[in-house]
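First subunit A sits with subunit B, and in the next complex the same chain sits with subunit C.
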Partner chain A sequence: MTLRLGSRILANTVVWGYALVILGPTLWVLSNAFKFKIDIITGATISPFTWINFNELLFSRQSDFLANLLNSAVIGIASTAIVIVVATMAAFTLTCLDVRPWVRWALLGWALLFHMLPTLTFVGSWYLMFSSVGLHGTYFAVIMTHAVHNLPMALFLMMSFVGALPRELIQAARMDGCSYGQVFWRIAFPLVRGGMIAATALTFIFSWSDFAISLTLTSRDTMTVPVAIATFAQEYDIRYGEMAAGTLLSIVPALLLILLGQNFIVRGLLAGAVK
Partner chain B sequence: MADVTIQAFQKFYGSVEVIPPLDLEIRKGEFVVLVGPSGSGKSTLLRMIAGLEKIDGGKLSIDGEDITGRDPGDRDMAMVFQSYALYPHMTVAENMTFALRMRGTGDAVIRERLAEALRMLSLEGYENRKPAQLSGGQRQRVAMGRAIVRQPRVFLFDEPLSNLDAKLRARTRLELRELHDRLGATSIFVTHDQIEAMTMADRIVLLDHGRIQQIGSPREIYEEPHNRFVASFIGSPEINLLEGSLHVDGDTMLFNGLTLPGRKAEMPTGSEYTLGIRPEAFDVAPERLAGTVPLAIRAVEYTGSDVFVFGTIDAGPLTVKLPAEGHALRDGIGAGAIIHVRPTAEGWHLFDRSGLRVAKT
Partner chain C sequence: MPAAAGVTRGGIDAMISNEPSYKERRNKRWIAISLLPAVALFIVLTAFPVVNLLALSFFHVEWREATSAFSFVGLDNYHRLFSTEKVFWDGVRNTAFFAVTAVSCQMVLGFSMALAVRTAGSYGRAVLTGIFLLPIVVPPIVIGTMWRLIMGREFGLANMLLGLLGLGPVDWLGNPDIALASVIFVDIWHWTPFVFLLMLAGLESLDGEVIEAARMDTRSRWQQIRHVVLPMMMPTIVVTLMFRVILSFKVFDEVYLLTSGGPGTATEVVNFSIYRTFFRQDQVGYGSAMSIVTLFAISVVIILARGFAQRRAARRSAVS
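Right after this comes the complex of A and B.
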């Protein structure tokens, strides 16, 4: 598409302007991670560079940030593993097996409904439920809740990938003597691996960045990264520097996953489209 | 190889009866072609035999053994799909030996059968390629190899040649039939292409809307069609069909001005009939002869070995094939010219109002 010079300048201005609007505040906040507190409060753009915030965050006795990172990792990995296994198998069952249409619609409709409702609607009830069985503050509670919360999205994603498999491939495997379990392991699973990686990346990011559920269901020992960052906003003192440093550190895994997962998202989508 | 017996097969999609009760017997070693237009139920029937579609009514037996409820993998049948359905993440060798490995067949047997199939299909050297690295024709052969290696009782083919170009299709038709003969296989082949049906089949089963219209050898189907549908489906260009009425005048039979030679039939005159005459069943002359009618030419098609003339007579539109050699008319005729035609003795059929052929007695 060839544009005249004027249109091209306008297009670039709009695109870069929009990018600046989106990224600008984030970059500003993240730059605070390397500034002294006085520079942050006075709003200085250029200021002396320092590692003091990271020191405070990671190595001071008042901060458990390393433990928080570990908690987020454990919860993220566990809940993602559960979600991916369940979502892939469920997607295979719903698309390839002889399921009554009303069952399929009921299940997907149910999943969609709960995906649409705000998380905050439920956190109160979940708190009461887990507290009443003495599971408040445990890994189990958060992992299970994250799994339930992220399953609908993963299910829809996997259904599109599994649905892209040609029906005749499944039928050929059945003719070759495979049970449906064998069809899943030997044919479907190897072919939707790209899609699974994409779903894994997205699910992990959702779990990693969750605030509402972690705030309600974790205790001091199991606190995750987003909650920990929020605790730096204290009653008399907002520790901007540590917050910025914590945010920067918490972005890194998510960013890596997006970069890695991006290839597979694209590859997975293309693989599904071609016969 | 096996006999396949289908008794009272029925299929419903919801409340719609797609295949009314259908019976069919396929003999050991036969090459049977199920042919018909889109929606005739031929693929559905094949899938019911394979076990990929539920059999809503009736029984399926192989060599007398009832296999109606069995899983597709337990029927000892191999299928070649229209899209080949090769496993994209496996090599050619892995694709072809997959079924044997699933059954736990011994390595030595697998190696031997694989080598034999690769040789038979001229795929030696391609064992380690993935399907994406093969041409369409090669993929088709791998799909056939996957079936051959299993040495099944019955081969099922679901329009396997549809995705090939015309030249390759003609060549593969021959190879496929030769393979069938060499293996002594029992094969059920589905196609919508009547040329494939005519050239490959021992027997043709012509289907329309789930019902069998006729079963017979290619010659029977072509020369003695049971009804209008069969007559018009088989034959290219299509048979000429003219609506009209019959007059018997002494020894002569007249149909809308056309003289029908041949043996007289015991048919009531004046009734509504359809006359079917194939394009090659005409005598053609440049000027009027006894019993001919004038044909106003609309178009001429030259195919190299034949000339087809499209035009109209009093009774309606007509397609006529000019005979192969030595006909003075082959050169120099074009749209707007007039030629004179009459049906030959053996070449015409009469169909009654319900479409059934009226036998010539």
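Right after this comes the complex of A and C.
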């Protein structure tokens, strides 16, 4: 269908104009990372370029940001690994094997409901549970809660990938005498690797971005990047430059995901919403 | 190839006549083992907490030197919540207002922009998609930080620009009359791109011939949209709407950073009430009662909405 020139121009104006609405404020804030504090406060349009904010943020004695980055990475990687293994195994079984209907129904129904409920209604209870066994503020507490929090999304996503595998292949493996476990490890697992990479990337991003759980379950030693950024923003004397620098570093994983795995993002976010 | 089927009872065993019983046992065991970790995680960290919250909601918990003293108070917490509480219900009202306003603006804006762009005759598709995905993949706390800086009273970009026009300064987040509107604005900024992308994808997957036929029928542009495009887009619209409404009940990060519910209760939302009661006021029993009421209310909304969506889908497939 050929579009008239007028509507072409309209389309491009709308879409690029809107892109500017998104990008403009973002770039303005991020540009503060490379400015001296005095220029940020006076709102100077042209200002000298500096790395000082990054230096202060990462290497000064008063800043724990390097440790925060490390914490976020450890928690993100560990919880993602757990989620992907658990979700892939469960997804294969639920999609391909003879599970009792009530088990399937209960598991998926609960996963879907939990996926939709506000996290905040659970964190209080998690806090009490982990405190009572002396695990509050440990990596373990945050890793396990991040894992369960992201499990429904990964489960639905992996079910859609496993469901797309050619059924004949799995049937053939069964005829050749593979047990269910062997079918999973030798056939399904290698074939669904692309899907696992997508689910891994998304799960990691969600763990990396999480604020509510990390805010309530981490201690000073296990504090993650989002909590650190929130602390910056609430100090009496806001350190604008360092805050912008921290913000910039915290969105690196998101930028990488956009560059490398654009197609999976929408699908992952909607996992469970479409039947 | 069959489409990704949901239920496949006996699907992959269709051509197996019979198996030795030791193999069958091993297969049964595999089913149990592969589901066990997921089931265990859900039971320990989601089902048990709900039971825990329910139990706690009947207690008054007091902290004394790192130990807690529980005293059973029956339904007192619920009684207090439904009779004397004010902040929580302000939060409920704000959350509802937030959900309705923010989501409807996002839907209308996203849909009309998608209509304007339609067949995506625009350049730099991948770059654009990347830009539109940006707000939804960066940590939400970053969005809050950004807008806190932009809407800052003294050094914020918004007031600087207003200053150039000789207006302002406006206290975007500190004035009780506009704080909620500011928070809603941030949410609209945050999520409209996603709605737009979904709507655009939906429009692109429509049958071009039907729309062409409607155009040949010399219907007006508005009639085309109203009677042809809109009904065809309904599935996409319903999915997007449900997704957004449910997410807007979860709002917390941005509110925490932008206003912390203030000034007064102007931007109080349910999640923030729960957080404050639990973690800042140490009222565990009362906070649990709030959580339980919220969980119950939202579950009811979700189940009703899903039931509605499924009935709708069933009716559609019956028609076609």
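Assorted remarks:
In the analysis below, the second predicted complex is superposed on the first by the 252 of 275 C-alpha atoms of A that agree within 3 Å, B and C clash if a C-alpha of one lies under 4 Å from a C-alpha of the other, contacts with A are read in each partner's own complex, and residues count from 1 in each chain.
The rule is short, and it goes like this: a contact is a pair of C-beta atoms (placed from the backbone, for glycine too) under 8 Å apart; a residue touches a chain by one contact, two chains touch by 3 or more.
These numbers come from a predicted model, not from an experiment.
Touched residues of subunit A were counted for both subunit B and subunit C, and C has more of them. With both structures placed on the common chain, the touch criterion links A:Ser60 to neither subunit B nor subunit C. Of the two partner chains, subunit B is the only one that A:Pro190 touches; subunit C does not reach it.
Of the two partner chains placed around the shared chain by superposition, subunit C is the only one that A:Gly181 touches, whereas subunit B remains out of contact.
After overlaying the two complexes on the shared chain, residue contacts for A:Ser219 are found with neither subunit B nor subunit C. Judged by the touch definition given at the top, the superposed model places A:Gln171 against both subunit B and subunit C. Taken together, the two structures place residues 166, 171, 174-175, 179, 275 of subunit A in contact with subunit B in one case and with subunit C in the other.
Within the complex formed with subunit C, the subunit A residues making contact are 1, 3, 7-8, 10-12, 14-16, 18-19, 21-23, 25-26, 28-29, 32, 40-41, 43, 85-87, 89-90, 92-99, 101, 103-104, 107, 110-111, 113-114, 116-129, 144-145, 147-148, 151, 155, 160, 163-164, 166-167, 170-171, 174-175, 179-181, 183-184, 205, 208-212, 215-216, 225-226, 229-230, 232-234, 240, 243-244, 247, 250-251, 254, 257-259, 262, 265-266, 269-270, 273-275. Residue ranges of subunit A in contact with subunit B, taken from their complex: 166, 168-169, 171-179, 182, 187, 190-191, 275.
Within the complex, the subunit B residues that touch subunit A are 50-52, 71-74, 77-79, 81-83, 85-89, 98-99, 102-103, 146, 150. By the touch criterion given at the top, residues 1-2, 4-16, 23, 26-27, 30-31, 33-35, 37-39, 41-42, 45-50, 52-53, 56, 113, 116-123, 126, 128-142, 144-150, 155, 157, 160, 189, 193-194, 196-198, 201, 208, 212, 239, 242-243, 246, 249-250, 252-253, 256-257, 270-272, 274-275, 278-279, 284, 287-288, 291, 294-295, 298-299, 302-303, 310, 313 of subunit C touch subunit A in their complex.
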